[in-house]
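What follows is chain A paired twice: with chain B in the first complex and chain C in the second.
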Partner chain A sequence: MLHAVLTGIPLTLGVTAAALIIGTLVSLPLLACTLSGNRLLWLGARMVIDLLRGVPIVVWLFIFYYGVTLGSAKLSAFGAAVLGLGLVSGAYLAEIFRGAVSSVSAGQFEAGRALGMTSRGLWADIIAPQAWRVALPGYTTYGIGLLKDSSIASTIGVAEMVFQAGNFARTTGNGIVVFLLAAAVYILVSVPVGILSRRVDERMSAVVAR
Partner chain B sequence: MVRVRDLSKAFGGNPVLEGVDLTVLEGTVTALIGPSGAGKSTLLRCMNLLERPDAGEIEIGSHRIDARSRFSKRQLYALRRETGMVFQHFNLFPHMSVMRNVVLPQQRILGRSKAEAEHRAQELLARMGLADKGGQYPNKCSGGQQQRIAIARALALEPRVMLFDEPTSALDPEVGAEVLEVMKELAAEGMTMIVVTHEMGFARNVCEDLVVMADGGIIEQGDPQRIMGDPSHPRTRSFLHAVLQR
Partner chain C sequence: MTFFADAQEFLPALLGGLRVSLLLTLLSLLFGLPLATVLAFGIRSHNPVLHWLSVAFVEVGRGAPALVVLQFMYFGLPTAGLTLSAMASATLALTWTTGAYCAEYLRGGLSGVPQGEIEGAEALGMTWGDTLRYIVIPQGWRIALPSLMGFAVILFQTTSLAYTVTVPELMSQAYSIGSSTFKYLTVFVLAGILYAMISIPATWLSVLVEKRLNKHL
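The block that comes next holds the complex of A and B.
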């Protein structure tokens, strides 16, 4: 029983990590478009974000699983799960980052510009570090949510923890304990991450609190 | 020399500056006063192109930009490099130590080495009476200290002209006095300064030139003592009356 849950852990963590990385990479161009001041780019990014967020994740996973072919080969279940969760994450993270950037005061932009910084330097040295601190709690909360949402990958046959637990329950008829075990693993991963993030947040805001 | 010629700026069809002409000689201090909404900040922000004017010319040192024609990023940065700006709310970078606030722009904009930039920063902080503050974060400093750090940060880039937009308005009077003292020393050293202020004492005693703005234009300009003693424009009279009442 323990074995069933343990064998699912690598895929649970793998799907989560890969989707978070893809999501972060996807969120940045979306963020850039929403902040560009160009109406067309803004509109395009808004549409993509709303589209991605407007459909249940499980539906996206099925769409990518059945709909995306690479050459003649179908996307693997793992690939579809990572792609679907990653894109949806990109939309949510873009919103988290946008909120964080807008919390940086206009005076910071003005000071950087008045000093003669290039816009790349301004973003790299002034805006992004401040926005990142604001975004960090939301980012970790999202990451923890994603860890749990990675269980949706079981619906398209990714053999992660919930999939394994389900198999075990079906074949042995013993369901409650194996799912309690799976629940414990989610808690064991997410609680320390949450605590760590709060620690980091407290330490950073002690320094820069305004 | 700093020269603004026939400068106009509107926000959404609402004219804020209309044909402003202003010349500031090297080494002089000009006070810019006038009622709220007169366009003082906008004029200052046009000088370093934080706002892009709709028309007119800005000339600082050997750099000139005509708002009507296209200009390159390079020209924009060249012009900004000639100016330093100090804001009402300081706008220090809260995620960096005081030292790094003064050092980073030197590295990025002047390409100075870290050692060189730190040396210059320490020199300037000491001059501002803040020699021991380098390791602090800005939020641990008082408002008056923060404003002096902001002045040091701007000075570190060796600007030709310093633009101050109500540098003491967010400060208690006695703290503001420390900042004004520093500005007075700068003036004595020959720094060219344009100062938007409501500090009439500073305008009278430190500034060589007084510019009174109202409704997007300059309505009076000249010797501060003369204008304060005998304003020729009725709006200057009522404005001075209102300010001195406070």
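The block that comes next holds the complex of A and C.
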């Protein structure tokens, strides 16, 4: 029984990590558009973000897995899961990052410009390091949420933890302990990550006054 | 224009499923919010048994994915001799999730009520029960309201997972149409539009409420 749950862990972690990377990459252009000051870009990004967040993850996974065919090729279950979770993550992360950037005081932007910094230097050296610190707790919380949401990949047949637990329950007729075990693994993984992020956050705010 | 022809054909069944999704959301909130209120006070309680029981209940409800709780209730409990209908087990599972998440929001709301108001009520000779009923709970709820509304939207989206335990909600209707007509893309896009048509305005509403409430604080 423990074996069934444990064999699912690598895919659970793999889907989560891959989706988080894709999500981070997707969030940056969305963030840039919402901050650009161009109304058209802003509107476009807003619509993409609202749409991605307004549709349940399982619907995105089904669209990518059952609905999208490229000629005769179709996405693997893993590919569809990572793409769907990654895009939705991109929308949520863009919002987290936007909140963090808006917490950096306007004076920092003005001072950077007054010093004649290029916009690239301003963002890379002044804004991003400060915003990143504010965004970190939200980012880790989202990552833990994503770990749990990766369980949704089981619905399209990715053989991660919940898929394995469900299989075990069906074949042995013993479903109570195996799901408890799966739940315990999620909790065991998320608690240390939460503690770690709180500690990093404390250390960062101790070093730099906000 | 086959999309629109198909849409017209599929829509009645999908709307029937949407009604079940909304019902499941409503039932989970109906049972989950009182549970959350009790848990929020349980966490703040000085009685160690009450405190730790509430903490455990909340941490498990928040730590375990909703999908696992759902499958536990539907596939797990029968092992222990307790067989529930699909709708009942989904309601039970999502009530737990709602109770756990909302307990945290309410706890934040309750601790946002200024201590001076509680002392004031005490000075006026109000009983503890009346203080809770007229001072703490109404204000705590008000502070927590935007987060609770945000959660309700997430909960509505989470009901889509109830299809895995055979509740005939929107996703389950979409899947059965898809597997009999093979028009997966059409039917899932339609289902997505229906979900979005409810979640997106509801999210805007919660942001509006948050701005309104902040103005008065």
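The working rule: the second predicted complex is superposed on the first by the 208 of 210 C-alpha atoms of A that agree within 3 Å, B and C clash if a C-alpha of one lies under 4 Å from a C-alpha of the other, contacts with A are read in each partner's own complex, and residues count from 1 in each chain.
Throughout what follows, a residue touches a chain if its C-beta (ideal position, glycine included) is under 8 Å from a C-beta of that chain, and two chains touch if they have at least 3 such contacts.
Bear in mind that the values here come from a model prediction, so they are computed numbers and not experimental data.
Student: Overlaying the two complexes on chain A, which is it for chain B and chain C: clash or fit?
Tutor: In the superposition, chain B and chain C stay clear of each other.
Student: Measure off the angle at the C-alpha centre of chain A toward the C-alpha centres of chain B and chain C in the combined model, and quote it in steps of 10°.
Tutor: After fitting both complexes on chain A, the angle is 110 degrees.
Student: On the A-aligned overlay, A:Ile63 touches which partner chain: chain B = first, chain C = second, or both, or neither?
Tutor: It touches chain C, and chain B stays clear.
Student: Figure out whether A:Glu110 sits in contact with chain B (first) or chain C (second), or with both, or with neither.
Tutor: first
Student: Regarding the shared-chain residue A:Leu51, is it in contact with chain B (first), chain C (second), both, or neither?
Tutor: second
Student: Between chain B and chain C, whom does A:Ser102 touch in the aligned arrangement: first, second, both, or neither?
Tutor: In the superposition, A:Ser102 touches no partner, neither chain B nor chain C.
Student: Using the touch definition from the top, say if A:Leu180 reaches chain B (first), chain C (second), both or neither.
Tutor: Touch status of A:Leu180: second partner only.
Student: Identify the partner contact of A:Asn38: answer first if only chain B is touched, second if only chain C is, both if each is, neither if none is.
Tutor: neither
Student: Which of the two, chain B or chain C, is in touch with more residues of chain A?
Tutor: C
Student: State the minimum pairwise Cα distance, in Å, between chain B and chain C in the overlaid complexes.
Tutor: Comparing every C-alpha of chain B with every C-alpha of chain C, the smallest gap is 25 Å.
Student: Which residues of chain A are in contact with chain B in one complex and with chain C in the other?
Tutor: Shared contact residues on chain A (touching chain B in one complex, chain C in the other): none at all.
Student: Which part of chain B faces chain A closely enough to touch in the complex?
Tutor: Touching chain A from chain B are residues 48, 50, 73, 77, 80-81, 83-85, 87, 89, 91-95, 104-105, 108-109, 137, 139, 150, 153-154, 157.
Student: Taking the complex as given, what residues does chain C use to touch chain A?
Tutor: Touching chain A: residues 59-60, 63-69, 71-72, 75-80, 157-158, 160-161, 163-164, 171, 174-175, 178, 184-185, 188-189, 191-192, 195-196, 199-200, 203 of chain C.
Student: Quick one: which bits of chain A touch chain C in the complex? Just the residue numbers, please.
Tutor: Residues of chain A touching chain C: 50-51, 53-60, 62-63, 66-68, 148-149, 151-152, 154-155, 162, 165-166, 169-170, 173-176, 178-180, 182-183, 186-187, 190-191.
Student: For the complex, which residues does chain A have touching chain B?
Tutor: 105, 107-108, 110-111, 113-118, 121, 125-126, 129-130, 133, 207-210
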